[in-house]
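One chain, chain A, appears in both complexes that follow, with chain B as partner in the first and chain C in the second.
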Partner chain A sequence: MADPSVIGLGKPYNRRSRLRQIFSSQKTAPYVFVLPFILSFLVFFLYPIISTVIMSFQRIDGPEDVTFIGFQNYKNLLNPHFLNAVWLTTRYTFWTILVLVPLPLVLAIFLNKKTTIGKNFFRSAFFMPALTSVIVAGLFFRLAFGEQQTTLVNSMLGVFGIKPTIWLQDADASMFVMVLLCTWRWMGVNIIYFLSGLQGIPEELYEAAAIDGASEFEQFLHITLPSLKPVIMYVVTISVYGGYSMFAESFALWNGPRSPGEIGMTIVNYIYQEGFNNNNLGFGSAIGIALFAIVMAVNLLQLFSSGFFKKEGT
Partner chain B sequence: MKKSLAILFSTVLLLAMILSGCGAKTSTAKTGDIKPTTLNFWTFQELHKGFMDDAVVTWNKNHPDKPIVLKTDVYPYDEQHNKLLIALQSGTGAPDIVDIEISKFANFLKGSKPGLVELNDVVEPVKDKLIMGRMENYAKDGKYYGIDYHVGAEVMYYNKALFEQAGVNINDIVTWDDYIAAGKKIVEKTGKPMTTLETTEHWSYYPLINMQGSDLLGKNGEVILDNEINKKTLEMLKDMLYKDKIAVPAPGGFHHSEEYWAWMNKGNAASVWMPMWYMGRFVQYMPDLKGQMVIRPMPIFPGGKKSAGMGGTGTAITTQGKNIELAKQFLAEAKLSKEGSIKTWSLLGFDPIRSDAWTDPAMSADNKYTDYFGTDIFNTLKAVIGDIGSINVGAKFPNAITLLQKNICFKVLKEQSQTPEQALKEAAEELRTK
Partner chain C sequence: MKSKAGSKAASLLIFLVLTVFAIFCLAPFFFLLISSLRPGAEMIRNGISFHVDFTALNLNNYWLLLEGKDGIYPLWYINSAIITVLHTLLSLLVTSMVGYGLAMYEFKGKNLIFTIVLVVMMIPVEILILPLYKLAIGIEMINTFMGVIMPFVVAPMSIFFFRQYAESLPKELLDAGRIDGCGEFRIFFQIMMPLMLPAFGAMGILQAMFSWNGFVWPLIVLRSNDMLTLPIGLQSLITPYGNNYDMLFPGAVMSVIPIILLFIINQKAFISGLTVGGVKG
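And now, the complex of A and B:
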């Protein structure tokens, strides 16, 4: 509470006490404390979103050459390049979720066991790639997956008598490389999520199940999985977002948005290509808004199907 | 006593400091009567920084009354062009002088008021001495906005050793028919391909259509990508790969990939056609071929030209600069003067844009390029220079180049999922709707 002697009538205010009054007032203090967030939200989030929406209805040729063209940019979205980008990004997201949910889950269970040797070493080893620059990792993958017989991966396959593959100029092979790069990079992070979820499950549940004669697999199925459901849902949700917003991996693998035959052209790459490489900022904004709509739709669909909203309601 | 000593000591120190300060002031006033003007320069090519730094030294020697300091930032290719685009779009943050690559240049000339300064008053006085085809690449409505570093004459690089091994005389190759016939002999005798073709870039295809008078866009920016010449030329390249079997797709997809350099450095192909500026890549990335490679004019098509001016970087001045006139004069002296033009050869290994520089004795002096390719480089170039025209860089050019690289060349020459006609037609129709 404010000091009554300071705010009493007839006594001059001094600056320090006034500040103290603001910070200790139950009414104003909360607003003061959230002000930095509100300001940064308005300047760095809301303002860009609003201007992107406006720009998506414009044709922008220069700072003074802006014309409103209605829905033309959105009509132009129906072209093979955008559809290819949506299809490619959807496939990429599907594969990353398919790999990046079960695999880290299983690894987390192993890393959570008391009997596993070198737990801390493996935890940090799995997490390390998340700290690496994606550009450096992409460059390494680009060179490792080169098409020559002498490049790292092809020479390793050669030991087993497998012919060299042209990795980065083939649709399926390059999808494999992109998913592999993503797995290598994000597995450690997902392991951390699952580990924290696993550590929240009471030990007594397992003990009781063991006394009842449940096998390890039954324990996993009936205790671990249901208990981890919120974590799994969270990981899937951020993977949907992560998959659809993929940019840097593809950019590094093909040195820009120029993958041959658009085999690595994700939606964000398409925004980059149209917005910056072709100086078509209006159209680029329209693609951005479309991406926002797609991610929202997919996430809502996934949350509905997993009963997330039902649970909230009951 | 102690106190007064301390006061005396500090007074002496203070006086000494003030006096030394005054001394420093007078000395700067003497040496730097004229404050140099700082100009900012953005480039995506480290080599260009060296060229400009040298030009600043020359400028300051020639113009002691208006010295300059050039603050250069070297960015990655994409980053620099994007940064410039945002600076010009937002109206703030652009440098005084900037390098813009030819395939991006049209992006900066969009709209009624480009953010670049018109350079006609420095270009026109030396018009008769310039290879004007190179200036047209950076022009819009008769106004020039950029000055190139080089002509970019398309030439053939032959591997002498493989030709000797196959018993084929390089100088006998005059037409493309000769080239294909020689290629078959090379493959037969050496087991190595005659050449490599880019499947994810445009340097194998674009010069060939240009030499036949065709282009991606017409004079007025209209799309002519799917014309008969372009179709036949793409068919010829496809045949080289899969019918005549004298060519292979370039390892890594293009002639600037690390894989191609490593592969070519081992002498794995008998020839490659690229612009003159590609000499630097040989010297830098394929050192083992030193003394083995020779430069000859391109094989010709019936009624076609002997070469084409390919690639390029236009140095431009932005309207946001505070010293536009000074930047313009400096740029003109650096790149449009005879001395500057000669320096593009001696410092960068580029073919100069001023024709009177070509005959200067300085051009025949030995350097790392003559050491690598022999002393007859300039004679080869002189033989073809008259045939070099411009390319049509309309507003749709950046898009057309992207489609050529990613879709046409890749789908026809590598993936073989489309015929030349299908690929060209599909891309042309898309460009027409833009």
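And now, the complex of A and C:
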């Protein structure tokens, strides 16, 4: 960036101070303030986006060996690996939303009650997992759900007479582990979102409802839920985003993009595998664009169905 | 009377439910700690389990970690620390400026820039890993700390937060500063920055946490063993030929400790950092 003292080196003093004046005048200052964002956006966002769109129409065999192949990469997307990845990621996203919206909501309501004891302790305890890196979390889940009879989970199940399961080799069992890992890490964060939403609801609403004889469940249905709608929508939106772009969890559980029978191959795993292991940057880019389209479509669908766009008209 | 007993029972039930989930959240930490004290050979036999030989627990693994094998682990720790500190400081400086600029001034293109900030927030960075990788090769940032840091210094979420915070600052201070003859940047650095300290606290802690735990991008950029960050280094200890449990578990525990200490000291900042994006009416 233009450092006045460097520019003015050896020049008469008044020239330097004039430069400084222009640089920090009321008119130019705001542009200098936002300049880092503009630069970073252009270099690390816009350029990569454009370059990935272009790459998605190319076959890239080497830095100098690039062929334009039209929609071939997109046609190639219709293969069992990609469809499996989309289906797996969709199921994963579905389950994480099904668990990570209602469960934190209920726990937040419990934590918001005046009569609950040890609120601060519980809040910290629930948040603690979010502080760990995905590698540490993956390491624990991988070994707690190990295949030996003596591992944490298998020996717990053994108490109830359930036979040990080879968790990370089986499609349904591994989906369970992935969703549980996600629940463990993100439950506390969602609880905090809901708690801050709950604290914004005026107490008088509940008091008035109680006087009118509404039960606690009716209060939940008619006051809590509608007031929390924006927060719920926000949590669903980031869950769609997070669910579809899941990568590190499965990478940590299977130590790489590959897993037995592709039971953990998410869309981003597929990008990674094609891009870095198979050196297929063009095809990897097409997968990326497809992922982007899916996330956008699901989010728009969700916003439409929840009546988000209707609000604009009123 | 009856309803009083009922609400007491309800409170108890709620307490029990919360306790069960708290155990679910905390148990892994306990088992990681215990595992880090167990001899590696026993870990290979039983994995993480209830079958713990408590007499065999000792700190050997930690000593091994600190001195053993070419001292690579302390190096990863230092790498992580350098990257986290640099990333956090740079990010705070830059995003606070952008957020402040967007909140305090009226200028052409302001709304467009803010819209772009929001759009960037909504696009998964994972779709950018291939083109960013290509770019990083092009500008020779592969296997450098700058390569890990630069693409994510100007974090849009942090800009959003600083903008929200700066909106609440009194604009009169701006005029007062001008009358006293301060330039716009002096006003920012000497008058406004101190007023924004709580925002710096919240974003600093959150950014440090993301950076310390960062995985996807460092995994791609960092290539040589001596440049790895902690999470990538730990990941590299898991190999098809056997896992180095002796180093893995104490390493995992040591990697969690600083961030947990930070959390215990400053819970409020963590929480205000998270809730800003979440609750817009």
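A few notes on this one:
The criterion applied here is as follows: the second predicted complex is superposed on the first by the 285 of 314 C-alpha atoms of A that agree within 3 Å, B and C clash if a C-alpha of one lies under 4 Å from a C-alpha of the other, contacts with A are read in each partner's own complex, and residues count from 1 in each chain.
Rule of thumb we're sticking to: a contact is a pair of C-beta atoms (placed from the backbone, for glycine too) under 8 Å apart; a residue touches a chain by one contact, two chains touch by 3 or more.
Everything numeric in this text was worked out from a predicted model, so none of it was measured.
With both structures placed on the common chain, the touch criterion links A:S305 to neither chain B nor chain C.
Applying the stated contact rule after C-alpha superposition, one finds that A:P260 touches chain B and leaves chain C untouched.
When both complexes are overlaid on chain A, the residue A:E64 reaches chain B alone and has no touch with chain C.
With both structures placed on the common chain, the touch criterion links A:L143 to chain B and to chain C. Of the two partners chain B and chain C, more chain A residues are in touch with C.
In the superposed pair of complexes, A:L152 makes contact with chain C only, with no contact to chain B.
Of the two partner chains placed around the shared chain by superposition, chain B and chain C are both touched by A:F276. In the superposition on chain A, A:N79 makes contact with chain B only, not with chain C.
Residues 143, 146, 148, 151, 276, 281 of chain A contact both chain B in one complex and chain C in the other.
Across the interface of their complex, chain A is touched by residues 7, 11, 14-15, 17-18, 21-22, 24-26, 28-29, 31-32, 35, 43, 45-51, 94, 97-98, 100-102, 104-105, 107, 110, 113, 116-117, 120, 122-135, 150-154, 159, 178, 183-186, 188, 209, 212-213, 215-216, 219-220, 230-231, 234-235, 238, 240, 248-249, 252, 255-256, 259-260, 263-264, 267, 270-271, 274-275, 277-281 of chain C. On the chain B side of its complex with chain A, the touching residues are 78, 81-82, 85, 88-91, 104, 107-108, 110-115, 199-200, 251-253, 258-259, 262-263, 398-399, 402, 405-407, 410-411, 414-415, 417, 430. Against chain B, the residues of chain A that register as touching in their complex are 60-65, 79, 143, 146-148, 151, 168-169, 256, 258-262, 273, 276-279, 281.
Residue ranges of chain A in contact with chain C, taken from their complex: 20-21, 24-27, 29-34, 36-38, 40-41, 43-45, 47-49, 51-52, 55, 107, 110-111, 113, 115-118, 121-122, 124-129, 131-137, 139-141, 143-144, 146, 148, 150-152, 155-156, 184, 187-189, 192-193, 196-197, 200, 230-231, 234-235, 241, 244-245, 247-248, 251-252, 255, 268, 271-272, 275-276, 281, 284-285, 288-289, 291-292, 295, 299.
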